[in-house]
């Protein structure tokens, strides 16, 4: 038999000025099952809360309705008070008499009547509430960071420094990502490698970080605090412990004509190689697709020359099975190859290059040792054209969005060129200069004012070669749309930033949403930019959208804090307001028929399959099961379920039905 | 299946050379086509400049006549006519209401079922498979393949070659032994419909196209459009006057080049009708 | 109500361009790529990107400038602008519309007289014969443009090469063609 | 229909299937479903214009499932039902052999799921013509006339649930009407409860109804309840450009969405 | 009908419209007291049967409101709800059931004034329509039948 206690708050005069609180308490007090009904000036005050605690004991209450302000304001307060009074906190409901009644209506009988209806509705609801226990999920305090670029490095170091274990996975042979390819960084023009390499080394040496390079995620199962991740460690054909990194093998390898990925194809590398001198780990791998031994069955020169006998031709891929509590995705971005733009001639003419190629040309460690030389003949270009938005903001042929980083790096490129080729002329074709950021616009202005980079507002229509020169046909829209033709020695395309190859595949493995451009999707565009819609998986850096280094690093630290907060408790406690699929005795097991339409509506991948087997092991029924670690309690599945086999704790079918009936019927 | 041909007006007049070469190589390859009976002018630039409905109705009549005569595939050698016919087919497919209105205007049924081929598509489909064995005199020349506008644009409607740096004509030419040069003016406009009313503009634009081809060492400009041909060939005196130059590079239809390669005499493919003398063979 | 329904019908040139040829002027973000690649932009009083910008203002005075411009008549419909426009704005169709509108409102630029004379002669030629009669076209154009000496050397050369017929070819369906012209009010 | 009989015999004889579900003429000449497990009985199979019942309804019945692998005579609605049942994980294509029958009564060679998919893809999936006409008539009525029409029709309902029994998509082992906590729909047959039942049924079939019309045929009192689901089938196509039973993947409109779904009534 | 006070139930989501209605309160914007709110976590949770239950229990009008598209706290609940309401409305229209008695709206947590406006326009409209007699009759008839049949 339900025994409900009702506490009507005056909220000073906020409620009592328009609602006759005494009448509300009295009317409600007369309802069946209401064991106690009272009014008080400030329910949220200490004496007010004590009133509730005492009444629970004194009247042996089975449910409490606090009729006061919005539950969005004080629900936690009163639920806690109930718990302290010995009542399960989920047996407490609030009737919103202030925001939804006293503040929005005039003082009259109708307002008081409405207040009574509101309270009565909550009384009917609370009668059907059940005592719920917070959901506790154990947490494995090891994080996985996928991707070893600057965002992954930052996140891994931040997590590791809070004392938790981190496993970092990087698919290429070295960490460092795109940042390791950059020459200088805007807006300070400090050397990218100089600031990055110490961090790379720190990752390798950190006692809390385990680094797996040349490794990729194979599969992910489980949920927040309890992921099971399979990682494929691709064979490096090398005993990493035996190898000293002397580099003899790489110099002796007879195959030396493989386009160097790190140099964006502007240099060559051998088949056994370390991607770049500062690589971490500084150990070679054999690129089996291009290795003479793997292609023709003989060579083995590296094995012969290796002083420590570290080469392992028959090494298989290794599958690691890891228990992970939280995942940070930091897989970065790629640049869109410009060959979708035939009018810009990228790929057809050697001296038309993309932004990353220019970075390598300008880099002191690059193929030209930092001298800007054009690829076709090694001449120093006297006249150079930079084309911004080469692919960005171009729904027709490229991508619709703004890649965000190109305005800044183009300004940087033009500046670097001017610093290296003083007598040269640099032109930038642009549409808008997007230089929001600390010291960013000043940087662009410097390029224009001090380095005299010629900014031309307009797009380029076409670029073609004639007599070894590149003819750039553009327009200056600020001169009344006048055509401009520049005879250039080299053209640099600020190609768009796009999702990393394989991002879609990884997102599917992680059950994380991604947008139409294959970038990982955040849980909320404003308030949850670091979280994904799958609890326990966080985003860092350009895997979410193109970002510059400061943004990527900030987000990476943000993701690290989210992980640290998760790891700060040994168990995860969650509100138990989750969906539940009913269970009945065999042979039905559940009224669920297993159509799994609920699975398709669930935004959190919280709906799993549960199989019931007969004694002979044969599956006799498959039904839906909610993973309460993942369910966020939206209830969309509940409304969809035709057999009414799913219900939502706290907003159950019987509860909301009772509310409708109570609200409309007077007793 | 019956193949139809829509020659268009220029092929019966100023582009007789083109017409002769199309028929000559067709004959050489044993291909026959039926002219769409009682065909009319497609309306060209004039119609769509002045009257949209007319610019759809004239081509629609042609297509309806083709359908009526059971011509499922029509070759349209003139790039301008080709463009008008394909665009009309597209517009009427997109908008059934407009289609009904146009049917009313032309007083005929129109379903839009005919397949329209431009000259290169036709060559690709019917000539190329049998070409190699017939070549007796490879066309060993450096050439600049000039596509013009209407063969490739609007690419989303024509759905033929890509609009930038197209390749189909280059491929056909290399198959008969020619060496196409890298030619950025492939799809630049020659001035087209302004030939008579603004000869100065045509001279300017066509001059640039010719100059670049000569500059790159091409021995001939290869075209597949009678309008381009007349601007680059017949207008050569105007062009040379405008640019104070003496451009001599001949302008040859792709069908003429194929004709020469398979051993047809120059007269047979209309080369003697050119204004700019064709010395290569 | 969804946001898209708030639009009221706009009584501007941009509005009618959108209605008749589905070209949304406001899609243009003024990158100028159309102008950059336009073969006749340097001859134009209003390069294509400027036409787009003027349309966007939806100011009567600017609408007037467009309709009275020489540029819309110089456009050769080469479609280069459309094929390179990042927003796939169909400028050529828009130009067709603007030309027809300019004629309807009798706002044709004086310098475009010859261009229109040519188009009219062209259509006259097919109106009566069904096909283009090139000699007739040239003669009619000379009459309309009063440009008697133009191309005087071209015709004899053409005739000598068999490229110019002295008499028109009449198709059987000339009456049919005439009706098409009449129904489309040409 | 000799081909059908031959094929059925072959499947039974070589034990590819244990039972063939098709149609036969009963002793009084009334067409009824046939469950044939002996090849010798396959001769009784018929297929003509009288064979309209949607046989897919049997595929989810435990007593039929127990018989073993099933071959099923399938017109377009049956094939679409099968597709729906696969997408909702009620059956697997491996459990059945589809004896497809084209619109003009010819036996189709449905070698695998992709062939069936292909056949469905090229078929007209809109509501059958005769129903289209009825729907159009009804839509012309004023709201009051519509209300009156349906009240009159639904007042006949005796809550026998034959509509539910006949529908291949109504395979739930417990229907909402059998839930009493809360009692969503009154057990008795009355004007209000009848209406709510039919609304519920139609809504639960929105985006799932494959327009076979079986519910209407099954109704003993002649309520055109199939028009309710078919109307929604029309609307599903209008709004979302999809038809039910066209994919083995879950693509039901009620469990998917597009961010730019259009409506005109939400303020 | 001047003294007719319609009974209106509002089914709203917790994160947008409920919060928006809270803001109406904190902004002290007044609106008609006929509307009473039932809180749901998300519009996706709102079963169409509840709307029918509201009518059968005597509601003269209903408001259903949640987060604007793309703003759903759970990312997609309102999109699913939207499809559900599209179908529901089409079915109701087809059966001659008066959908002008239901207001569907998107009201965000920041739109306090808008909530008041949605409520007031709904109340005004329902007042004009009068009590939902036809539905009530339907229910009453059924109750009578039940009584008669025991």
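To keep things simple, chains are lettered A, B, C, D and E as they appear, and every chain counts its residues starting from 1.
We take it that a residue touches a chain if its C-beta (ideal position, glycine included) is under 8 Å from a C-beta of that chain, and two chains touch if they have at least 3 such contacts.
All values reported here derive from a predicted model rather than from experimental measurement.
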Subassemblies held together by touching, subunit B left out: one piece
Fewest touching-chain hops separating subunit A from subunit B: 1
Of all other chains, the one whose Cα centre sits farthest from subunit E: B
Between the pairs B-C and A-D, the one where more C-beta pairs touch: B-C
Per-chain Cα centre nearest the global Cα centre, belonging to chain: A
Between subunit D and subunit C, distance of the C-alpha-averaged centres to the nearest whole Å: 57
Inter-chain centre distance, subunit A versus subunit C - centres from mean C-alpha coordinates, in Å: 52
Centroid spacing, where centroids are CA-atom means, of subunit A and subunit E in whole angstrom: 36
Subunit C, residues touching no fewer than two other chains: 80, 88
Overlap residues in subunit A, where contacts from two or more other chains coincide: 343, 462, 601, 640, 653, 657
Set of subunit D residues in contact with two or more other chains: 176, 184, 254-255, 263, 266-267
Partner subunit D, residues of subunit E touching it in the complex: 48-49, 52-53, 56, 69-70, 76, 79-80, 82-99, 103-106, 118, 134, 138-139, 141-142, 145-146, 149
Touching residues on subunit C, where the partner in the complex is subunit A: 29-33, 35-38, 41-42, 47-50, 80, 84-88
Residues of subunit A defined as touching subunit D within the complex: 588, 591, 593-601, 622, 640, 642-645, 653-654, 657-658
Subunit A-facing residues of subunit E, complex: 5, 7, 9, 14, 18-19, 21-26, 28-31, 33, 36-42, 44-48, 50, 53-54, 57-59, 70, 73-77, 80-81, 84, 116
List of subunit A residues in touch with subunit E within their complex: 70-73, 96, 98-101, 103-106, 110-111, 114, 117-118, 121, 513, 523-525, 533, 577, 601, 603-604, 632-636, 638-640, 648, 651, 653, 656-657, 659-661, 663-665
